[in-house]
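Letters A, B, C and D mark the chains as written, and numbering starts fresh at 1 in each.
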Amino acid sequence: MINVGIVGGTGYTGVELLRLLAKHPKVRIKAITSRSEAGMHVAELFTNLRGHIDLKFSDPADAKLNKCDIVFFATPNGIAMQQAESLLKAGVKVIDLAADFRIRDVAEWEKWYGMQHACPDLVAEAVYGLPEINREQVKKACLIANPGCYPTAVQLGFLPLIEAGVIDMNHLIADVKSGVSGAGRKAEVHTLHAEASDNFKAYGVPGHRHLPEIKQGLSNVAKRPVGLTFVPHLVPMIRGIHATLYARLTSQIDLQALYEKRYLNEAFVDVLPAGKHPETRSVRGSNICRIAVHQPQNSDTVVILSVTDNLVKGAAGQAIQNMNIMFGLSETLGIDQVPLLP
Amino acid sequence: MINVGIVGGTGYTGVELLRLLAKHPKVRIKAITSRSEAGMHVAELFTNLRGHIDLKFSDPADAKLNKCDIVFFATPNGIAMQQAESLLKAGVKVIDLAADFRIRDVAEWEKWYGMQHACPDLVAEAVYGLPEINREQVKKACLIANPGCYPTAVQLGFLPLIEAGVIDMNHLIADVKSGVSGAGRKAEVHTLHAEASDNFKAYGVPGHRHLPEIKQGLSNVAKRPVGLTFVPHLVPMIRGIHATLYARLTSQIDLQALYEKRYLNEAFVDVLPAGKHPETRSVRGSNICRIAVHQPQNSDTVVILSVTDNLVKGAAGQAIQNMNIMFGLSETLGIDQVPLLP
Amino acid sequence: MINVGIVGGTGYTGVELLRLLAKHPKVRIKAITSRSEAGMHVAELFTNLRGHIDLKFSDPADAKLNKCDIVFFATPNGIAMQQAESLLKAGVKVIDLAADFRIRDVAEWEKWYGMQHACPDLVAEAVYGLPEINREQVKKACLIANPGCYPTAVQLGFLPLIEAGVIDMNHLIADVKSGVSGAGRKAEVHTLHAEASDNFKAYGVPGHRHLPEIKQGLSNVAKRPVGLTFVPHLVPMIRGIHATLYARLTSQIDLQALYEKRYLNEAFVDVLPAGKHPETRSVRGSNICRIAVHQPQNSDTVVILSVTDNLVKGAAGQAIQNMNIMFGLSETLGIDQVPLLP
Amino acid sequence: MINVGIVGGTGYTGVELLRLLAKHPKVRIKAITSRSEAGMHVAELFTNLRGHIDLKFSDPADAKLNKCDIVFFATPNGIAMQQAESLLKAGVKVIDLAADFRIRDVAEWEKWYGMQHACPDLVAEAVYGLPEINREQVKKACLIANPGCYPTAVQLGFLPLIEAGVIDMNHLIADVKSGVSGAGRKAEVHTLHAEASDNFKAYGVPGHRHLPEIKQGLSNVAKRPVGLTFVPHLVPMIRGIHATLYARLTSQIDLQALYEKRYLNEAFVDVLPAGKHPETRSVRGSNICRIAVHQPQNSDTVVILSVTDNLVKGAAGQAIQNMNIMFGLSETLGIDQVPLLP
């Protein structure tokens, strides 16, 4: 059994880790920490866990995380970078679900995240945990930078086109839509039900923190810089990301075959039959990314539709997928739930 | 392995049976029938099932249901009563998720359902599949009338009070609220998103088909007729039932202890700590009924709050719970999912 | 023209006052105050007002409210009681949309609202602004306690029965459901879209601040104390209140005729034809209360369904209705919008 | 007073015409027809109209539409083209809210709409009723083709860029999102609340009927053919369209000034300050189109955000705007409602 610790379990990625790990056959949850809620039963905060998790939030000071085999950070940005080093030295593997280790260029990270990085050395060591690209590195990793929700859906959507070298890399467009849980379980006016429901808007068009992460990922694959316009939107739904991706084709190719072949052996990427449109509910609660590829009106513009559950493949599920790989388990263990529909 | 057949798998109870049975460790789904969709892949209609169910809808004529160990009817009212008899004769157990066998008084049934009953004889033989009341009969049953969604939440809520004999049985009130999936996957104007969202209304106040079912169930426990006012409402959400129940106390009793004791050994009924309020999302996708009991302002009116997922404990999950009991399996096998929250 | 001031215009009752007053033919909005947003254009905070309101939030100190003819307090509880006296002395009429002057029994008020009352003397002077009951007093009032949203829907629903003296007054039940805007525009976790949508729950069952207000109102009409069980619920919608009211009939009466007669001359109460069910969207954005009366299965339990828009008839619209009456205008002036459906 | 007739008043554009015309100071609604609902009170079908519209649906045969000054067709595609000619001959002006007269190229229309056109001659005569482009022609028109909802939001968004000639016209992208009311008040499975809420998807990517309409409109302005990729999406909200538009800049220009200048005198187009993001609820129930223009990261890709209420500026409100222009009234008469927020 793998002894697991979770730091910062009061947000949506925290409860989602608990939902999934509670049924994982090879995991024992040893501790979940929260400074603010220490002493409270986890199931009192998250009533869905009643009868499934019999654990209290513990104070970080008491949690003995360095006795764990692996620790997940489900914390705000800027926390994992302060604690990862000592855990790694104690031989504990670390997966950060926040952004502390996602961007290689530390100066770039500091610009977008507005703080000084506490351990730049570790950034180079961290593996970007998108298994469909970095599976081999993940196997050997001690420190995983778990990808952001938007970057997961966008990169999996563009990946086959970039690997095939058939699109103009200077003018990619990612028009992406997210459910409100992507904003986290923070008390804020703009994500109140009375503000966000029956409404739709773009936000962060001048610049969003996931932009450099996506560009870095796509550039790594392309082995050259890419140009990307990234426009996120807020959808009045709880879970789900829908990326609508646009690129200019530079040579003809059988797009459907390209995608099907690329993802043939990927358990968590599902390429839909030609002509179909994925919907976010078709992956609700699951670790699947479903993708469709279109070339409307036979123009030279390709349109990719890519959907995920932002809390699963976009966060907690992908973290567990990485854990499974790191510990040599079946990659789908504990995360092969059937999506909940309707 | 139990060989399972499903008749009429194109509605919400059908897809929910498939979602749950796909992961049930003792079940093999042999056939799912649909006259209208025969030949279509199940996963084409319900995209959440892609990768989990590799089965086509088959024409009822070709389905060889009498080779199954058990057949679920996820059909409109009036279908199971025409086909159950021949299956039973072939030694196949039958669970009807519709209403054909729920009401003992056939004339009463015919009045509320507006059709003639095709096999009144079987009505007497059928066991009303609310395990928390009828577990022993379910064990031996060949034909189960799976309870309605409202009746499940209401009966489980009132049950301890009635068994204890501490309330006025002539004036029960059940003010019940349901998500829209309770209306089924039928094309109708009043359940369109543009009609039903951002809206709330009561319906069927003069009379709803679940009224006689609830009254029958409560009267059986009370061993006398009961008086009940039942008001259903439509909530702009997909899944979930919330029953708010009112009764006049005729003697003082420790209500919290009463409920906790009654449901101590029930895996699927969760009595919340005193003072709490259950919410429907705390059972989303799960077979749990969560109950809270209140006596506001110390008046003689007791208020019970009872929530379920109408498609699980109110339909498909309860049907599988009955199947587990009928086949001597652990009652929770395959239906102990953690609810999906948020 | 009536010169109007608004204190505390950054919440939902504030923006709703602005939406309605912007088009009121006899009103000039002189000032809207907000300590936190002073200097900001109103239309920057509430983008629906762009092009309709050309006004900045002003600091309360600079607002010259005592030059207004009337001031609306759209503030949290406890503010109006500190400022009303000086305005009244300056000859300014005051309408408080919060609860400061609603409860006659000051000790009772202090118990429920958890603070000391700053001007108990004014409480006796204030008129409870439910025009359908107190129209004559409103005409002469200088200080209006504008009713709460739940109390408006519940009192209008019960009123004809109580006036007629045909129900058991000791055991009234009000099962009431509210859209999320009723909780105000405050950053709180439990009203986030990701928490409150696709969900339903009761809250405050042990005791809610609107309970004493409703009991006081019904007792005044009944001229005796009433017994009431009041259970509020949160509906995943923005606007709307649906009260489902239950009472035991003590004598037979033509209920439909009773209601139609009582509200025949009321512009803002609409009694539906027999057998109908009102829905909240049928009053969205309007000052109407729609009511239906049922006696299901001919039992002795009467069921009243009463719907309002909590921000209009339950707050800003009713406040303007009171203003119209106080200034001798047509009662419907500026508040006869057609509800927005769908 | 203008005597108005409405053909086909049982859909969402019908009820929206009624909501707006009921308060229009220069309109008298003479007849509203519906074959299926003839004899029913309009307010029985659309309960928001109770107390505002005292009219029954009449059979088309009895409606005496040729006595009206103007007739609106709020019918499915293919109806107006059969009835417009005789009305026009009787001197009645006609506004078709469906698509019968929108596409100049009749063969193209027949291809996309799958039927033969009944009166190709009238197509040439019809004026495309987008007043911000065609105001002068609308003034003199007898027959108006009222634009589609998507085309209105997209054309108003692209218009200044095209007129200025500063973008690559061969590769426009319109990623557009619509509320569910855009699908109409038809009983269909895919727009049920249980299917469409808490969900997001693209549809019609291979080809949507609004594509040729948008291309025709943009080409007319550009005076050359344009290349457009148009991807519509379904948002779980009732009303609202959000168009996110992408174009490649071919020369530098002050984009903010361009837009502000172009729409300076347009009552129904609101250009937001630089850096802002419009949201659909900021126009809910109103005839406004709000637009923001961005050039993220100073790349050569311009991003335009354009929002409307699909039932108002995208249908009924724009039709009344056209009527006002045709009859020499103030363009905003009867359609200057403040949007409903929250």
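Convention: contacts are C-beta pairs under 8 Å (C-beta built on N, C-alpha and C of every residue); 3 or more make two chains touch, one makes a residue touch a chain.
Quick caveat: nothing in here was measured; it's all calculated off a predicted structure.
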How would the subunit A/subunit D interface be labelled, same or different, where same requires over half of its residue numbers to be shared? same
If I average the CA coordinates per chain, which chain comes out farthest from subunit A? C
Rounded Å distance between subunit A and subunit C, as computed from the means of their C-alpha atoms: 45
Interchain centroid distance [CA atoms averaged], subunit B/subunit C, Å: 39
What are the residue numbers in subunit A that touch two or more other chains? 12, 179, 181, 185, 194-195, 197-198, 236-239, 278-279, 281, 284, 342
Graph of touching chains, which shape: line, ring, star, complete, other? complete
Please name which positions on subunit A make contact with subunit D in the complex. 171, 173, 175, 177, 179, 194-195, 197-203, 205-207, 211, 227, 229-231, 233, 235-240, 242, 244, 246, 248, 275, 277-281, 284, 292, 294, 296-297, 299, 301, 303, 305, 307, 342
Complex contact set, residues of subunit C against subunit A: 12, 179-181, 183, 185-189, 191-198, 236-238
In the complex, go through subunit C and note every residue touching subunit D. 12, 15, 19, 22-23, 46-52, 181, 185, 197-198, 238-239, 270, 278-279, 281-286, 288, 290, 311, 337-342
